[in-house]
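In what follows, structures are represented as structure tokens.
First chain A sits with chain B, and in the next complex the same chain sits with chain C.
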Partner chain A sequence: MALFSVSQTAFLLAFLSLRTYQSEGLSEPLPWAPESLKVSVNTTCQCLHLQWTVHNLAHHQEFRMVFQIEISRIKTSNVIWVENYTTTVKWNQVLHWSWESKLPLECAKHFIRMRSAVDAAKTPGPRVWSSWSSWEEADVQNSLGQDPLFIFPKDKLVEEGSNVTICYVSKSHQNNISCYLEGVRMQGEQLDPNVSVFNLNHVAFIRETGTNIYCKPGQGDGIKGTVLFVSKVLQEPKDFSCETQDFMTLNCTWDPGSDTGLLKQLSQSYTLFESFSGKKTLCKPKSWCLWQVAPESQDMYNFTLTAENYLRKRSVHLLFNLTHRVHPMAPFNILFKNVSATSATMTWKVHSIGKYYTLLCQVELYGEGKVTQHNVSVKVDGAHLFSGLEPDTEYLAQVRCANGDYFWKWSEWTHQNFTTAEAAPSEAPDVWRNVKTVQGRCVVTLFWKPLSKPQAHGKILFYNIVIEYLDRTSVSEVLSIPAPASGTELPLNQCSSQIRITASNSVGTSPASVLVVSREPGNEEVEEERVKGTEDGFPLSWNPQPRHVTGYLVEWCEQPRDPPCDLQWKNLGPNVTSTVVSSDAFRPGVRYNFRIYGISTERVPYLLARKTGYSQELAPSDNPQVVMTNLTSHSFTLSWKNYSTESQTSFIQGYHVYLKSKAGRCHSGSEKAVLSDDVVCCKYKIDNPEQKTFVVENLQPESFYEFLVTPYTSVGEGPHDAFAKVTTPDEYSPTLIRILLPTVFCILLIMITCYLKSQWMKEKCYPDIPDPYKSSVLSLIKSKENPHLTIMNIKDCVPDSIEVLNKQEGTRKSLTETESTKPTYLYLLPTEKRYSSPGPCICFENFTYNQAASDSASCGHVPVPPKAPPSQLGLLTSPENLLKALEKNYMNSLGEIPAGETSLNYVSQLASPMSGDMSNLPTNPPEPALCSEYKMQMAIPLGLASPPSSGSSSLSSITLLDEGEHYH
Partner chain B sequence: MLPAAGEPAAGDSWGLLACLCTVLWHLPAVPALNRTGDPGPGPSIQKTYDLTRYLEHQLRSLAGTYLNYLGPPFNEPDFNPPRLGAETLPRATVNLDVWRSLNDKLRLTQNYEAYSHLLCYLRGLNRQAATAELRRSLAHFCTSLQGLLGSIAGVMAALGYPLPQPLPGTEPTWAPGPAHSDFLQKMDDFWLLKELQTWLWRSAKDFNRLKKKMQPPAAAVTLPLEAHGF
Partner chain C sequence: GVVPLLLVLHWKHGAGTPLPITPVNATCATRHPCHSNLMNQIRNQLAQLNGSANALFILYYTAQGEPFPNNLDKLCGPNVTDFPPFHANGTEKTRLVELYRIIAYLGASLGNITRDQKVLNPNALSLHSKLNATADILRGLLSNVLCRLCNKYHVAHVDVAYGPDTSGKDVFQKKKLGCQLLGKYKQVIAVVAQA
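Here is the complex of A and B:
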């Protein structure tokens, strides 16, 4: 207490003296002003570190003082930071203060000064400050070195989302320096001529190797850069939890969140600290850690999990009792004992968690689509009896356990399958029959449905059939049909019999199904009724029977169109009089027939009703195949006897007969109908579906008709596609045919007769014409005058001109005087054209002319064969050769005329257009057209062919023609 | 009758045949042809050449991955920074005349020394890689490069050249000092990969030249036969 009063007195004295100083004037410095201010720079943390002292403090004197610190940037007047730092000051104490700069300290000069005051917060009045210390300069730029360009800060590590300021310092006074962040140019602000600053806000993590920032001067290839390491923000571990399986180790797990590892910074580390024991462990894995449970049975644990990286530290706590965190291991060694058809015992083992603990185990049984669950308390081994099981059924049993005293977590499931044993089938097989008579014997076909799994109680191996004949005349028969047969055909010795069918598996036999077969066919006269099917099936109903029945049975074929019709049946109780028969096999447009039987107490079935119907009626897809008969000029008959009304896609109500005609008139009994293609036609309606003939009458002769027969039902008609075509015959054509046919037959008969008697007809009607060659006159002439004379065929020569000779009566001139003879030609035909082609040239032997009067040169013209070879022509050019040729030709002409030498046999009768130059002959053979003009119509006598004396008058036709006169 | 000039007598034919048989009998003894036991350095030079080509291909993929890992501008195709701070890396580029004038021993020695240094640097690169996949790729490449180094040593041994012994204290180390900024370190990594690529390219040329040089001329085998029987 004394000490307190002394110090309080000293403080008051000092304060009063300070006040006194202040009141006396500001010129006097405050005695406790800061002195020896030193500023140092830490570029790693971009920190300014200040240290100073306060002098004039008395020994053991302590003051709580406020130091006002001012920091300026670039110049002293640019104050960027003012902070009051309050601390207790002792005698001879060195004071420290640090300030972290947002701007890298290398980027600008900083100036620092401070002043002090006694912290007199409790005393009223304004604070009395000491005078400012002098400005201290913090300049790192001087120590940078000689490089022309620097970028700051160097390789800084920040958290994602921080704001970072980058600057460059250029010592080469270049202004065109460009800076890039990850290849993208940055825009900065100039702090001074050599320094530019770039502010990066909310920087993001890009990669572990950091974000590259670099600057390039405008000239040169220098590049300066820095790497900004942006770390993800360290997250608090989530879902921190610890548990034990064996009271030996605790397994602590957590969700670490994102990894904050970088090239410059390792990933965050995790430390587990337990406060009761004071133990600590470094967890190498990132998401779990093992903790050894203390042997001295520590129950309570208080864990602190700390995640830590270079920038941050985060912790979570967990306090728990060890016995409340038991997570047992999965049970093992599941076994099934005493497995029968309906029960089984399951046993299993568990990993012990100590003798003082009880486990609660949960047992589940899956089978037959059901799940049952039981809880069992277990110390070491567990056991549970499953009862009420189905025979021959596979079950899945599984078990898991948890701490029974304090539930924390179930263990994993352990499961095992087992199958119960077989039992005898519980139900008699569902059996039906079909009875028919073959060659006087009853043949029964049995059908049965396989027993369902709950009924079979095992695999059915065979079916037993016992036939007992009711009149006891025959011995019973026993048959065994191996499974999986579903029916059999049995010829019976006698129709009246009772058949018992049982199914057997490896354990036993089912109850028997009993069928009684009687010779009476039953009430087959039952009238068939129509039934309309619905989406749910066919609703069938029948009248209740006055006599006692044990039940009813409905029978139908699921595939009525196929021969094995897939017989189905449905058993119904004795009180049931209606049912709905449904099946997935029912198809629209298929007619199904149902037969309903009543089963008497003697197990004899008798037919009660017959139903037929469609699950859905469909319009007919086909029309009947129509045959047309009795076609007359006014009618024809249509017939479709083969059309079955039973096998159609709906109930046929009748038929429509459509008739198209050009006249477009409809007679009585028909009505006009417009088809889908706007064609108007006549429609006849037939209401009876069994009437399958129709006579179309009142037609016009020689008219074209089209007709179609289509059935109609409650859901529509058949297609209107293929109209048949017919044309009615002419009304008179049958009469004509009756006349024409005999006429033609008669004519033919006459012609045949004429042909057969043609010789006789020829003799009688047109006898042969006499032949001149065979005439006797010719032989008379030959013998008297000239043996060479012959008769010329007139048809071979065509007279084209008549030569008129001016003949003097009484004078007969010699051959040399023939020059005076002037022949005159009268052309009958245009000869040049007519004889332009090669042809025979014939001289008439005209007996009316005098032989001596013939011009010696008139027939001297020797035509040359058109295609004569040059050698032959050459021979002809000489007079001797020519003479020979002439002789030969002339001789030939008197005899038989060879066919190929006709042109050489005759003297040419025309004037040749060729010149008389003989030398042209070989090269220019005369055209055959030279024979186109007659000159003299006489044969040359043999004596006239002698050559003339002069060479110039050679026997060429041209020469001869030039010398002689002729008229055109 | 004397045989006509130019037609060998029957006795001469037998002599020629005997001579041919003698030559065939002595062929295995001819030292110039008896090279089945020692194939020489040719195959190992070929293998080394093949290995350099394979490594070139392998490095192309690895460098792409690694430069993407460093980020821009190092993965930009036209990035060509000054070779600052990478002076300790063996330089592959050399004047063409100087390269031509290198003898075999010097050529192989330079290759061996270069890959020794580059392998050491590459292992340092592997140690600091952050991703496991990249470390796996780098480790695989280092193994291949170690194989190339062994192959070059094999060629040198086959030619009778001694392996260069590293001078004490000149072991290349991968220890970036505190003054070495991360950006400069990335630049060094860039230059290491680039220099490695250039060296592999140069080695392919070197071994191709050596391969051609070591091939024996096909028509240069002469048989010192004695003319027995002629």
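Here is the complex of A and C:
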């Protein structure tokens, strides 16, 4: 204390003397001026670091001093920064001060000087400064190297939105250097002839790998660049919160915001500090941290969460009572006890948060589309009774808990399903029937609807049917139909019976539905009425019944076009006389038939009304299949009797018959109509839908007509497509047909007959060989010249001799040789023998002919092939063909005949091979045999060769060769 | 004493210029027998490198961003002064020795580039993959060339030189040096593969 008093006294004395000295003319410097000023440059942080001392301080002497520091740029007169730095100075102390330059220090020289003063803030009056130190120069440019161009700063890290100064230093004294940021040229200002500065304001984050900034001179290759790393601004952690589930650990969470990680900077780190305990922990995850609750009972916690990166720190605080931040764990071990059809008890366990705390649990029950909620206070185990439940129903129960003393947060839900037990069905099944008579016996088809879930109270197992015959003559029958059947067919012993139907599940049986089948079929004569359907369904109404009814029933088929029909019914009360029948199955264009029954007190149904209608009528999509009959030149009849009016898409009101004709005139009973394609035609209207024939009259003969029959309804008529075509016949054509047809038939018959009997006709009319008996020439000769001439009767001819000529053996004769041989004749002689082997030729000479005649035409020696095929021989029916065949086969025949053999030829004297008996020739070819000559026997008239003396031959022959081609 | 003097002499001798190759009559042994068709394999590896060099170059300068893709001549020109020479008209032995030096130089430089790019462009995975694949082929090629030199020419050791270390350079300079090296690599490998 004494030392302090001494120092203070000395300081005051010195201060007073200094003030005195200053007032006398400031000729002497302050004794505590800064000395040994040294300036160093840190280019990493672009900082100038100053270091100096204050001499003349006594040992252990210290007092506060102010150091005024001036910084000039480029030249000393250009002062850019003045700052007073106040600090306590001790003896022999080295003082430090740093200054961060906005401009990269490499860009310009900096000059620094300082002076000092004793900090006399408590003493009034102006401050007494020491003299300035000499200027210290900070010049980094000298150490840059020999490159022609430099850009600074290098790899600078800044926050997004901050301002950055870039510069380049050119040592090549080029002025046309351009600099770019991400390809965009920057506009700068020249600091000195070699240095230009670019101020970038509010720099934006572009990418984590940095932003390229580069400068390139106008000449040369020396592009230089630097990378600017712009990080996102570190954000304050949001939603900082801490809570505990077990009083063992605190779970603190927050929203970290954007990541500020860069190449030059790691992501921000988070530190949690609790001020009461003085503990601190580094949180590795970025959004949460665990804090161990102190074992001693510390209720209050004051947390500071600090986010920090290279550039910035941000902190948030949280002060809370631990018991107010309890977030219980979810309940567990949910069980259901005493589950009946209508009630159940749920139990659960909770994680204890201490014996002094009570949990508030919330119980919810979901089932049958309803939710019920209850709150229960729980220490350790919870329990709750659910009542009023539905039998055989699945429920979902869930529970969650919170601190009952100070609510902070609910726990997570824990849920569990359970199903109540079954009970007996509560309602009788809805039953209806269909009665029909099969072979004189009543057959009842029962239908029932399945009980709904609230009615069934469980799974229906059987439907029980009891049939009681009303006249008591038959024993009651009991049937059990297994579910899920919805109907059954029962043949009854007697029609009058009462049927009771019940449904059973595993617990019990439902009340019974009673149906009475009456002997009387009911009033089937009820007239059918039309009803118009609406969007809501079919509105049906009926007259109230004078007699007492227990109710009404409406019956219909939902699928009337399909055989099973899908019978539906609707039960109505006794006071109801109208209803609307609706169903999703109703379709437009389908006719639905409804039958309304009254149910008597004896449970006997009787028919009250029949309704039919469409939910929506549709225009007919098809036209009738029309048959046209009775076509005459002036009319025809159209008929479409197969067209059913009941199964159409709307009520048929009648038909339109359209008739198109070229004339375009419409007669009475029709009107002109213009179709959609602007075609004009005549329209006949038929008002009666059951009239399905129509006679179109007043037509023109030989005219073309087109017609169409289409039904019309209240919503339109059928399609106007596919007109049928018809052409009326000529008026006279039927008569002509009656004449022409028989004539043509007769001509055809004659032609066919002539064709089939052509041979017969030929023989009769113009035979190849005229029959002498029938020849008119003969009769002419006979009458005019020689009445004695007659025709030789074959029977009168007796052959008197047969000359057999044996031909020389081993000789072969050519055709020319044969020609020169006289008299050698070849005749064809019919024979019964088979031509099995060749033989010597035998010629039978017929002396009926004279020699001349025989030479000229009678006997020709024709070699015949030994085995000529019938077809080949058949060609001989024609002289030309025969000749050719002979010429062709002649040599072969000769060649095939062995030497020394002879052939025998027979010549028919009865018929010519050219005649109708030619068939003998191919079928019985002459067999080569010993050559015989036969001379035809024929009476020759005068003028011809004299007949030979022997006229006994009865055979006649005809030569096979034409004149001039005979071989002798 | 003597040891520092020897060290200094040795350092002086080895600094700056590569050492001469091993004398022909020196003993040379490889751990594994060389492949029978070694020269063919070397040619194939060179062709493989030549085939992928341009793609690697494009991947590299694209990943660096502007101004690299549009200033290839100024930023990625093959201005690598200390790159080992190659004479295509030399003898096979000479060419193999020069190839060995080139491969060693490239291997080291690619290592630097790969290391830098993993930091500078951590998301450029295809570039990393291509760099690694090229480095793998270079290692195989180096082994084959050494095998050939050793077996045929009894050269067991070749002094090599490496490029500058980029670890202390600024980011832009690292990018630029890498681009220049890959540009040079693309140019040289085409010549070597043709030789």
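Everything below uses one rule, namely that the second predicted complex is superposed on the first by the 536 of 968 C-alpha atoms of A that agree within 3 Å, B and C clash if a C-alpha of one lies under 4 Å from a C-alpha of the other, contacts with A are read in each partner's own complex, and residues count from 1 in each chain.
Here, contacts are C-beta pairs under 8 Å (C-beta built on N, C-alpha and C of every residue); 3 or more make two chains touch, one makes a residue touch a chain.
All values reported here derive from a predicted model rather than from experimental measurement.
Student: Given the superposition on chain A, which partner contacts more residues in chain A: chain B or chain C?
Tutor: So, of the two partners, B touches more residues of chain A.
Student: Quick one: is A:N212 in contact with chain B, with chain C, with both, or with neither? Answer first, second, both or neither.
Tutor: The answer is both, since A:N212 touches chain B and chain C.
Student: A:G261 in the overlay: touching chain B, chain C, both, or neither? Say first, second, both or neither.
Tutor: The answer is first: A:G261 touches chain B but not chain C.
Student: For A:G225, is the partner it touches chain B (first), chain C (second), both, or none of the two (neither)?
Tutor: Both chain B and chain C are touched by A:G225.
Student: Thinking of the overlay built on chain A, is A:Y180 touched by chain B (first), by chain C (second), by both, or by neither?
Tutor: both
Student: Residues of chain A that sit at the chain B interface in one complex and at the chain C interface in the other, please.
Tutor: 154-155, 180, 182-183, 207, 209-210, 212, 214, 221-227, 263
Student: Which of the residues in chain A end up touching chain C in this complex?
Tutor: The touching residues are 151, 154-155, 180, 182-183, 207, 209-210, 212, 214, 216, 221-227, 263.
Student: Of all residues in chain A, which touch chain B in the complex?
Tutor: Its residues touching chain B are 154-155, 180, 182-183, 206-212, 214, 221-227, 229, 261-264.
Student: What part of chain B is in contact with chain A in the complex they form?
Tutor: 69-74, 76, 80-82, 128, 130-131, 181-183, 186-187
Student: Could you please specify the touching residues of chain C with respect to chain A in the complex?
Tutor: Checking each residue of chain C against chain A gives 64-68, 70-71, 73-75, 77, 79, 119-123, 170-172, 175-176.
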